[in-house]
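The structures considered in this document are given below.
Note that subunit A is present in both complexes that follow, paired respectively with subunit B and with subunit C.
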Partner chain A sequence: MSGVDDLSFDRLDADGAIAESAERAGVVSRATFLGGALGGSLALLAAGSGQAWAQGGPSERDVAILNYAIILEYLQASFYTEAQRMKALRGRAADAAEVVGAVERAHVEAFKDVLGKQAAKRPSFDFQGTTEDQNAFLKTAVAFEDLAVAAYKGQAPRIQGSSALAAALAIHSVEARHAAWMRYLFGVQPASRAFDEPRSRQQTLRVVNSTNFITSSPSTQGRRTPRYTG
Partner chain B sequence: MESEIRARTGAPAPSGQSGLPENGRAVVARRALLAGGAALAGAAIAGAPRLTDAAQPSQADLNALNLLLLVEYTENAFYAEALRRGRLRGEVREYARTVAEQEKEHLEFLRSALGGRAEDEPRFEFGEKAADPQAFATAAGDLEDLSVAAYNGQGTNVSPETLAAAAKIVSVEARHAAWIRSVVGQPPAPEATDTPRSEDQVLEGLQRAGLRR
Partner chain C sequence: MSPMGVGRTLRASLVLPAGAGLLGFTALLLWPATDPAPAPPGGALPAPPASALDVRAPVRLERDPHLAMWAAVERRVTARAAPGRGKRVARLRTVTPEGTDNLALVRRRTRDRRGRVWVEARLPVLPNGTTGWLPRAALGGYRLVRTHLVVNRRSSTATLRRDGRRVFRAPVGVGLQRWPTPRGRFYIRNKLVRYRSRFYGPVAFGTSARSAKLTDWPDGAFVGVHGTDRPDLIPGRVSHGCIRMRNRDIVRLGRLMPVGTPVTIE
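What follows is the complex of A and B.
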C-alpha cells in the first residue's frame, strides 16, 4: 500500500507494538501491517477528527455510537492482552491472540483519537479465568468476536458521519475475520450461515453483562455495579 | 470494457419503471431486508420481494446492488466450477461446498432485491484457478477479500436500509476469506481494517479473477 505515513502510524502505535507483534507472530511483514493500519479506514477515522469533522466534530449520536464501540474494543483488547500475559496459549492460538490483540488495541487507539476528551474510560475487567486456559480462551474469543460483528452491524445504519461509517464498516469486517479465525482454531465452522444478524445495543450489553467480565464501569454515572442479568 | 460495464450498471432505469413513488429507497430496502431475513433463507420463493414491485429505488442503491450482484455472480460461478471439476479434497472441498451454498443465497437475495433491474449473468474463464487445489485456495481468498472490499466500498453510497441488508452479507464474506486462509496457513486477518474499494477497482479485480464480457 502506498502513501504510508509514519507520523500517523506513530499515533496509532506509539511503541511499535502492533507491527512488531504481528511480525513476530510470523504472520505478516511490518510493511504490510503498516500499509493495512494506515491505508485503511483507521487513518480515515483519525483524519476525520481534524478535517472532515472540523466543523463541530462528530454528531452527538455518532459520539454515543463510537463510545459504545470503544467499550467493546476495550473488552477485546484487554482480553487478548491478558491472555498473552498469562502465557497459557500454545501454537497457532498464541499467534492468533498476539495478532488479534494488537489489532484490537489499534482499534481502541483510533477511537480514542477521534473522541478525544469525550472518549469513555477503560472499565476494569475480570475475565473469570478464561485467559488462563486455551480451551476457555478460544471459546470466549469466538463469543466476543461474533458479538462484536453483530454489534457493529447493528450500529452501522445509524451512523451519520461518512468517515465514521467508513471506519466502522472497515472494522466490522475485520471482526468477522477474527470470528472465523477463532472459530477455526476452536474447531467450529467459521461461517455457519449465509446471513449474519445484527444485535442492538441493548441486546449486546445484556450479553456483556451476563459474563460478569466488567467489574467497574467508569464511563457510566450512577451505576457503578454491573447488572448481572445472566 | 470497464467503461462499458460502468455504463451498463449506471444506466438509467427502463422507462416502464419510472413514475413510481418517491419514497422508493426506503421501500426497496425494507423489502430487501425482509427478503434477507426470512424468505431467502431457503430458496427463491414465488412472489418474493422485488425492488420494482411497488417503488423505484434510488439510482445509487441500484448501482451498488448491481455491482455487488456482479461480485456474487463471480463467486457463484467460481465455486460451482471448482466443485464440478472435482479436484478439491478434504478441508478445502468442505469449504467450497459450504461457501458455494451461502453464495447462492447471497445471489438469490440480490437478484430478488433488484427484480427487473438485475443485470444478466456474465461469462467467466477461471482456468486452473478452479481446478488445482492450491491455486483455488489462493484465488478464493483473493476473491473473498475483493468481495469484502466491494461491500465496504458501497456501504457509504447506499441508503441506511440497503446498508443494513448488505451488512448481513459482508461479514459472511469476511468469514469466508479468513476460513480459506486458515485452511492453507495464510494470515486470516493481517490488517487492522479492511480497505474499501471503488467500483472501478472492484471491476478490475473481477476481471483478474475471471470475469469476461
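What follows is the complex of A and C.
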C-alpha cells in the first residue's frame, strides 16, 4: 500500500486523472461558473432563515451551513450515481460505488427534507470522464471523500444548534469511513495521520471550482421564430 | 501466539489497571470530607442531542430501461464511423440554427487504443438515422431523461411516455405524401417559446429529424413538433413534414417533455 496520504485535487490534476479539466478551463470560465450554478447556490446560502425555522429551528448560520453541506452531498451523490450508470467500474470499486452512492443520495434527501424550500438547488455537473474510468473514478472518489470530511470538520465548531451539530457529526463519521474505503481500494494509506485538518468553506469551494465539475446548464430553450419545415 | 495465550495476556493487562482503580476509588472514599468530592467518572452526563436530520435508509440504484442520456456538444467536432480514426461521418457545431446549444443523444461508449473515451451518438444529419462516434472530451456533462415521444403517422397520434407509462396523447398532423414526415429514431434538440408566429403556435420543439425532400429549406429543414393556426386540419396529412398539434396540446406537451427526449416516428 502506498505511503501517499494526501490525495488532493491538486495532485489529481498534476498526475492527469482530471486531465480534461485543464482542457476545459476555457470552456466554462470562472466568472460563468460563479455566476451560474454554484453562484446561485451560494446566493441562497446568504439568503437567511425563513418561515420554516422561525420558531425554535436552526439559526440563520446553521441553515447556511446545512445548505453548504447539501452542495457537497449533491456533488458526491451525482458522481457515484453517474459512475454506476456508466457501468465502467468493476469488482470492489463497482460494489463500493453502489453502496456509497446510495448513502450519499440518502444524505441529499435528508438535507432536502430538513431545509425544505430553503434547500439549494442541485447544480449541473460535468464529471469530465472521471466516472468512466476505474482509476480516475477512485482517485476522484478519494479526493471527494477527503474533501467532505475536511469540510464538515471545518464547519462543526461553527454550528450553533445541538441538533444541527448532531446531524453534521452523524454524517462526518460516515464520510470518514467512505474516505478510508476509497483510499483502501485505491491503494493509499487510509489513516496515517494522528490529526486531520479542517477546510474552510472558501478553501473547499476553491477546490471544487478548480475541477470545473460544476458547470452551467446547457441552453436548450430559445425565443427565435422557428424555421422548421412547418 | 495461541488464542489461550492471547487470553492470558489480556487478563493480565486488565487485572493490573483494575487493581490500581480499586485502590484509587478507596482513596477517594477516605479523602477528608471538607474537600468537595469530584463528580463520579461517567456520571451525570446528558443524553446525546437528537439529530436535525431524519435519515432514510439508503436506496440502491435500480436498472432503469427507460433512461436516455444526452450531452451538449461543447466544441466543433467531427463524428466518425468508428472510435479513433474512423471515416468522417459529419461535422457538428456547438449551436443549433435556432441559437440553442447543440445536443447529441448518447447510445453507448467505448475506449480507443490510447484509452480515450468515445461515445456513439445519434446525429442531426442526413441521411436520417445516422449515428457516429464522438470523442467524450468534446461533450459536456451527461443528462438523463425518462421520457419518450412516439409519433404514429398512420393513426396521426403522438404519445409521450414517462418511465414507460403513457402521460400524454394527442392527435397530430403529419407530412403530406410528397413531403413525408421521416420515419426513424430521433431526439428533441430544443424548445422555442415566446416567438411571434401564429403559424407555429405557442410552443415549438426542434427534433434531430430532417426532411429529405425539402433540401433547400432554410436552416437545414429540421422537423419540428409545434402548434398551429389551423386546428381544423388536425388530425391528418397536412404538413411539410413537421408534427403539428392543437395549441392546447402543444402547451401541455411543453410542460411534460424535456429537451433530450428520444423520439420515434413510425
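Note that in this section the second predicted complex is superposed on the first by the 161 of 230 C-alpha atoms of A that agree within 3 Å, B and C clash if a C-alpha of one lies under 4 Å from a C-alpha of the other, contacts with A are read in each partner's own complex, and residues count from 1 in each chain.
Note that in this section a residue touches a chain if its C-beta (ideal position, glycine included) is under 8 Å from a C-beta of that chain, and two chains touch if they have at least 3 such contacts.
Here the structure is a predicted model, which is why all the values come from computation and not from measurement.
Colleague: Please work out whether A:Ala167 is in contact with subunit B alone, subunit C alone, both, or neither, and reply first, second, both or neither.
Modeller: Both subunit B and subunit C are touched by A:Ala167.
Colleague: Contacts for A:Tyr74 in the overlay, against subunit B (first) and subunit C (second): which applies, first, second, both or neither?
Modeller: In the superposition, A:Tyr74 touches no partner, neither subunit B nor subunit C.
Colleague: With both complexes superposed on chain A, which partner does A:Ala106 reach: first (subunit B), second (subunit C), both or neither?
Modeller: So A:Ala106 meets both subunit B and subunit C here.
Colleague: Check the residue A:Gly129 against both partner chains and state whether it touches subunit B (first), subunit C (second), both, or neither.
Modeller: It touches subunit C, and subunit B stays clear.
Colleague: With the two structures laid over each other on chain A, which partner does A:Lys153 touch: subunit B (first), subunit C (second), both, or neither?
Modeller: Touch partner of A:Lys153: subunit B, not subunit C.
Colleague: In the superposed arrangement, which partner chain does A:Ala180 touch: subunit B (first), subunit C (second), both, or neither?
Modeller: Touch partner of A:Ala180: subunit B, not subunit C.
Colleague: Going by the contact definition given at the top, which residues of subunit A touch subunit B in one complex and subunit C in the other?
Modeller: 27, 99, 103, 106-107, 110, 162, 165-167, 170-171
Colleague: Going by the contact rule set out above, which residues of subunit B touch subunit A in the complex?
Modeller: 36-37, 41, 98-99, 101-102, 105-106, 109, 148, 151-152, 155-156, 160-161, 163-164, 167-179, 182-183, 187-196
Colleague: Tell me, which parts of subunit A touch subunit C in their complex?
Modeller: Where subunit A meets subunit C, its residues are 20, 23-24, 27, 58, 66, 81-82, 84-86, 88, 98-99, 101-103, 105-107, 109-111, 113-114, 124-129, 132-133, 161-167, 170-171, 215, 218-230.
Colleague: Under the definition above, what is the set of subunit A residues touching subunit B in their complex?
Modeller: Its residues touching subunit B are 1, 18, 22, 27-28, 32-33, 35-37, 39-42, 99-100, 103, 106-107, 110, 149, 153, 156-158, 162, 165-167, 169-181, 184-185, 189-191, 193-198.
Colleague: Under the touch definition given earlier, write down the residues of subunit C that touch subunit A in their complex.
Modeller: Residue list for subunit C touching subunit A: 48-61, 67, 69, 72, 74-75, 97-101, 103, 109, 115, 117, 136-137, 140-144, 175, 179, 189-197, 199-200, 204, 206, 211, 214, 217-219, 221-224, 226, 239-242, 259-260.
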